[in-house]
Amino acid sequence: MTIGVIYGGSRENGNTEVLTEQIIHDIPVERIYLSEFEIKPIEDQRHVVGGFQNVNDDYNSIIDRIITHDILIFSTPIYWYSMSGTMKLFIDRWSQTLKDKRYANFKDVMSSKIAYVIAVGGDEPFLKGIPLIQQFQYIFEFIGITFGGYILGSGNKPNDVLRDEQALAIACQLRKTLKLLPTDNI
Amino acid sequence: MTIGVIYGGSRENGNTEVLTEQIIHDIPVERIYLSEFEIKPIEDQRHVVGGFQNVNDDYNSIIDRIITHDILIFSTPIYWYSMSGTMKLFIDRWSQTLKDKRYANFKDVMSSKIAYVIAVGGDEPFLKGIPLIQQFQYIFEFIGITFGGYILGSGNKPNDVLRDEQALAIACQLRKTLKLLPTDNI
Amino acid sequence: MTIGVIYGGSRENGNTEVLTEQIIHDIPVERIYLSEFEIKPIEDQRHVVGGFQNVNDDYNSIIDRIITHDILIFSTPIYWYSMSGTMKLFIDRWSQTLKDKRYANFKDVMSSKIAYVIAVGGDEPFLKGIPLIQQFQYIFEFIGITFGGYILGSGNKPNDVLRDEQALAIACQLRKTLKLLPTDNI
Amino acid sequence: MTIGVIYGGSRENGNTEVLTEQIIHDIPVERIYLSEFEIKPIEDQRHVVGGFQNVNDDYNSIIDRIITHDILIFSTPIYWYSMSGTMKLFIDRWSQTLKDKRYANFKDVMSSKIAYVIAVGGDEPFLKGIPLIQQFQYIFEFIGITFGGYILGSGNKPNDVLRDEQALAIACQLRKTLKLLPTDNI
């Protein structure tokens, strides 16, 4: 089994990345930093003759990478009580992939995956991050992904999250779970 | 009092716009279609020496327009159980404006406003649109905006929402409220 | 089709009842006032030898009445951001009925029903009543009931809710829906 | 500082109690088992001449005990996606205490407390227990209690929760927090 980590943040070594790396630093994973790619906003062409048009950006190359993994970790800072706009742009485009003949089995492939959400914010994330978790709950339910679990960490200034003992305890637990997997070399 | 409508959708005359226009079609408002503008993702530079750098895009010009209005209507299709990525990009950037000396009174100005959310989706929006409403609840609470109300409409194919009698009834009610306002010419 | 209204409030002519009666006052329904009955708290005996013991109270007589109806309206004041304790006692006991041989088809029977929730509270119910709606969402999902819709009304002092124009508009809409049903005499 | 544990379950040594005792088994606390007491449903007499009437049950004796503690742990099984009906009956009555001259400083006293919620359920509690947490969020906000944190554990059959490694990890963390407190003898 292989693991893909999808980073939605814009700051290098931000708290979300710091918390995520506590879990995966010595586990073989593929890290995908969405901010390094160009992802255009979806244009809703579901009801247009001809359907969705090809988009000239990096989106498909990211899809090509994540569909190969068995486990996905969505790791995003909590910006304004939800995932980063960059990660949202990425997920919005799934609507297009669902109609794309080149990815005819997209939903089936996604349905075999387990996903975790790691989100860190500065304003009472264990309460005010809840709508974000519910949003992922519906996203995963729709696409068929099994929701393995989540961590809502607290942090504002660099490395703050390392003082969130509860988040670290759950991270440690998730680390154990992932370490037990028969991970392939990647 | 004046009204600004912030459209987050990508489709012309989409259901969200159709529902919103039921309310405002003959009320003087300023319509802002976010998809017509370039809005770059925020780069979190809160903890960088020198702080946020100027960004060369259309974001500030939109802020300049919305801060003049007393009432804001956030009108977005529900994409993947939240606002569109485009609208999220826009709101994420508020973090930058909050630190921008040219908008030193941004929070104060926003605190005087009343906002409404109009969101239309295809998958049980009256239940699965709830996390989106809670996100806006926290967003408005943080920035100080009064949350005037919301409409969760149902629609998929073009004009579907015109058959959502409940959404139309609430829209009609909101229309009456807005019509009673001493609206300035704009 | 017949309609059963399950009232969870403790005050006669409270705002929740006033709003509900706007909808049903001249439609034939059966009104069940839970506060008039003795409903004991559930004792969790799922894992006890012999299972649940008979309880000497009015609970079963209420079940006997609601299972005959096609449409159920759960009408409760919002006490502390959820349904009244009395209504909660009633629903908690469903766990027992699910194991009761005399109601072997309880889940099947409930699965054929459509339910509406009408809830009135004094503290921003259109936002802070949301967790209550989500609880009902999961309750109905578990037992198989179709969630037809809900109204979150605002009111504190007697008859306050009659000034909540939005709640009244939705109520009016629900009234139209119910009036269209081929209602049996009851 | 002293700790009061308010148990809402009906089953001895149920999963909620098992998880809670992992935290407190050797910490001096006062345990209050709500199921051992008679708590009548609130009668909403806020708007009646004369106000709330005295109720002849055990409710006030429980209030007398909890107001003495600095930390409260609300420990309830998740019944139908919310707290037990018994615990709801108890909290509903706070509305009466808020108007009771004998408890004139009830809100002030409650405002000085920190509370934790421990809830165990059998149906995806880490997702479907979320509305319960939001309900407690609003309850504590209203009465002024600081929400210290929560644990959503998973369990159905007796002792199931002891296999929920994540819940145990958070419990262990909460245990450390409570152990650090300068606890008085009680």
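For reference, chains read A, B, C and D in written order, and residue numbers begin at 1 within each chain.
Going forward, contacts are C-beta pairs under 8 Å (C-beta built on N, C-alpha and C of every residue); 3 or more make two chains touch, one makes a residue touch a chain.
Note that this is a predicted model, so its numbers are computed, not measured.
Identification of common neighbours of chain A and chain D yields an empty set.
For the pair chain C and chain D, the fraction of shared interface numbers is greater than half, so the two copies use mostly the same residues to meet. Chain B maps onto chain C through a rotation of 180 degrees [Cα fit, steps of 5, range 0 to 180]. Centre to centre, using the average C-alpha position, chain B and chain C are separated by 35 Å. Centroids of chain A and chain C (each the mean of its C-alpha atoms) stand 39 Å apart.
In terms of their C-alpha centroids, the spacing between chain A and chain B amounts to 25 Å. In chain A, the residues touching two or more other chains are 130, 134.
Chain D contributes residues 126-127, 130, 133-134, 137, 147, 149-150, 165-166, 169-170, 172-174, 176-177 to its touches with chain A in the complex. The touching residues of chain C, counted against chain D in their complex, run 9-11, 14, 35, 41-45, 47, 77, 79-86, 88-92, 94-95, 123, 128, 130-132, 134-135, 138-139, 142, 157-158.
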